[in-house]
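Shared between the two complexes below is chain A, which has chain B as its partner in the first and chain C in the second.
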Partner chain A sequence: MSDKEPVKSIITPTRTEYTYTPGPSAQRSLRALARGKLVGEICPSCNQVYYPPSGACARCGVATRDEVEVADKGTVTTYAIVRVPSENIDLELPYCTAHILLDGADIPFFGLIQECEWDAVRIGMRVEAVWKPESEWGLNAENIRYFRPTGEPDVPFEQFKEHL
Partner chain B sequence: MADELLSAPHVLEYDYRRSLGEVLSRFFTGLRDRKILGVKTNAGRVLVPPSEYDPESGDATSDDWVEVGPGGVVKSWAWVNEPLGRHLLDHPFAFALIQLDGADTALTHAVDAGSEASMRTGMRVTARFADDTIGAIGDIVAFVPEEGS
Partner chain C sequence: MPERCAVIGVGQTHHTAKRIDVSQAGLLREAALRALEDAGCQWSDIDAVVIGKAPDMFEGVMMPELFLAEALGCVGKPMFRVHTAGSVGGTTAIVASQLVKSGVHGRVLTVAYEKQSESNAMWALSIKIPFRQAIVAGAGGYFAPLIRGYMQRSKAPEDVGIRVALKDRQNALKNPYAHLKFPDIDFDQVANSPMLWDPIRYLETCPSSDGACALVIADEKHAAKAPKQPAWIQATAMRSEPTQFAGRDTVNPQASRDAADELWKKAEITNPREEIDCCEIYVPFSWFEPMWMESLRFAEEGSGWKMTYEGATALDGDLPVNMSGGVLSSNPIGASGMLRFAEAANQVRGEAGEHQVPGAKRALGHAYGGGSQFFSMWVVAQDPL
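This part shows the complex of A and B:
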């Protein structure tokens, strides 16, 4: 036997490479995002506003078509504290990611919370997007660097409990 | 839509660290020492790769270990014309089930045979170890056709 320590674990890598082609709704939304606008779509049946839009209403199963601009600020509906490092994420641990119900949207959007202690984040907190400089905008979600607290009063849970 | 269709590469990649447990720990430690180890079942069959349980009876395997190979017989194979980045070899090869000498079960590994025409079920192959072994399945770079067979 080896005089070294026994092998107690192995690294098993998994990797899949896709070419992602966004559907028509996501394409329109990405092009709007590259102009600094958050453009979602509304369900013609139940009037839910989806951002980001997927082209169909998850509730009614009908196609969404009409575009609706939503705000770049909103309310934290839930959040997670991340304490595990990832090779491709260059953030100081721990950090906070959140679901943010953007004003004008009916489903939450995923965002990073910064300019705030991680343990000060709370459900109902008001946050706003911090954008990259306009000269750096591209066709991707990284145009928004993160969200930060606005300092507005918290929103009571009752007001967004239907939008989790 | 007048705009050009958007598309972008999307890579999904995870490295898992897998705890081996006692049995596979011994197997991979053996590979680091350039040995291929099998474990005996209570019925005396030698399992390579080893497992904690005998697949035939469900009983725990014994603590009786034997070194097998490095030669063995190809029991079945599939030719890979276009290796992917994660494969052990960067040129065409065969994935094969190899029953090592002294073993009663077959190990899945690559056979570096040069061409599909050189492959056949029942052919003799032998393990080619890496220059540096770390305790991973890649410590065996590939199996190669045994000389003179």
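This part shows the complex of A and C:
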């Protein structure tokens, strides 16, 4: 044995590559998104509108079927201001992530809020999508860069408290 | 007629940021040996082993149970792996108890662990999903908006989370196994700690820990011969629900309320606040104490924060919560649920040391996981039901 330090651990980076199959509903929705449209799907059982659609209503356990366009405007139902870096996330700190309930949808989705002071973001705030230039649109949610305040009056909490 | 069953042995490691002196197998074995000793058992007394941990990506080792069988003395014996995200430690203990309750086995060893220092859980929880925008920063990024939703609904004072964190961190000072200990912790230190995922502050957040927990669960025949007071498992309940569906109450999930209702019914409890002596619940971010107090029916919806405010959940309150210092003080994720179940068991066994609630006869152990979608809970007591 030498007087060298014992080896206690080694670092072995790993990476994973995979082929992702979005499924028919998400495919249709992504193709619509590439044309600048937000297309959700309706649950035939509870009539709730899902955006982005995953192909099924997890509440009812049935496939969603009919397509419906939802607005690129909505209401912030809750939010966080992120002040800590995270691997895999390439955003300048701090940034605001919000649950946004789009007009015409019945389930909020995670979106970014920008063009707003952090202490001015609030529950009930109305926001609209800011799109990338049309020439850069692809099959990706990042066609919408972020959401910004519309300046419309806030929506009362009572109206969406079931959609946090 | 199902068998009565009880926890007869409890073991855990000293939780810390990095256990570089042991492998995953060594870490598990440390907790298992302590549980066996506590139960007065040898490896040969154990009929089966049930192991649990959080997602494999947390260490980057797929199906680690494949190489852990020999360290856990289960060569030639049945071995099971359980997986329900952050609640897994609780679920694992319940699965072990069911193997005894059903009469299949007489004594089962159950072990849960995480060695977070071997990889990066925040990375594992922030995987880029194709076609979507990568913006949710780990567990804190996911849960912060839900906490804000609770604050809005309940109109709770803004310092409730600070008070919970202060209480849990003070309790941790009495727990020799706790990872985070701040001897001079006070309100201002918590209040002035940096916002990580606003409204969650640094000192309102759980750490990343290496650690393990183990229990020996026995049937009535073996429990009668145990060297210490057994913790009789009076009731268990589990529920799950999807991460996302229209109308889902992410703040107070249906699965949580349903599991609690089933648990109280099975334990023949009609007024949990009166009939439970102390609780050890899964609070990875401080505001989850009032949120779960409501969901578990200890308080009316919108008023769980008053229990914190009035000192009811303090170690000397009428319903002490997280006597051990909780997840806020030690978080080896896969073991975190089992540590809650173990603390509940130790309280009714009179084995909780400096953080013992005097005269605790019946206690709740609770865990949750995923996006507030998996729930596991049990009631343990000095006497069988």
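Everything below uses one rule, namely that the second predicted complex is superposed on the first by the 142 of 164 C-alpha atoms of A that agree within 3 Å, B and C clash if a C-alpha of one lies under 4 Å from a C-alpha of the other, contacts with A are read in each partner's own complex, and residues count from 1 in each chain.
Everything that follows uses one rule, which is that a contact is a pair of C-beta atoms (placed from the backbone, for glycine too) under 8 Å apart; a residue touches a chain by one contact, two chains touch by 3 or more.
Note that the coordinates shown come from a computational prediction; the quantities given were computed from them, not determined experimentally.
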**chain B versus chain C as contact partner of A:30, first or second or both or neither** = both
**Request:** Figure out whether A:139 sits in contact with chain B (first) or chain C (second), or with both, or with neither.
**Result:** both
**Fill in**
Of the two partners chain B and chain C, more of chain A gets touched by chain C
**Request:** Mind working out whether A:75 is in touch with chain B, chain C, both or neither, as first, second, both or neither?
**Result:** neither
**Prompt:** First (chain B), second (chain C), both or neither: which does A:64 touch?
**Reply:** neither
**Message:** Contact-wise, after the overlay, does A:50 reach chain B, chain C, both or neither (first, second, both, neither)?
**Reply:** second
**Asked** Of the partners chain B and chain C, which touch A:157 in the superposed model: first, second, both, neither?
**Response** second
**Request:** Could you give the residue numbers on chain A that contact chain B in one complex and chain C in the other?
**Result:** 8-9, 12, 14, 20, 22, 30, 139-140
**Prompt:** Inside the complex, what are the residues of chain C that reach chain A?
**Reply:** 20-21, 60, 118, 120, 122-123, 126-138, 140-141, 144-146, 148-149, 152-153, 194-200, 242-251
**Touch list for chain A against partner chain C, complex** = 8-9, 12, 14, 20, 22, 26, 30, 43, 46, 48-50, 54, 57-59, 77-84, 86-91, 94-95, 97-99, 106-107, 110-112, 118, 123, 139-142, 144, 157, 161-164
**Fill in**
Given the complex, residues on chain B that touch chain A span 1, 3, 5-20, 25-26, 28-29, 31-33, 85-86, 135-137
**Residues of chain A defined as touching chain B within the complex** = 1-2, 4, 6-22, 24, 27, 30-31, 139-140
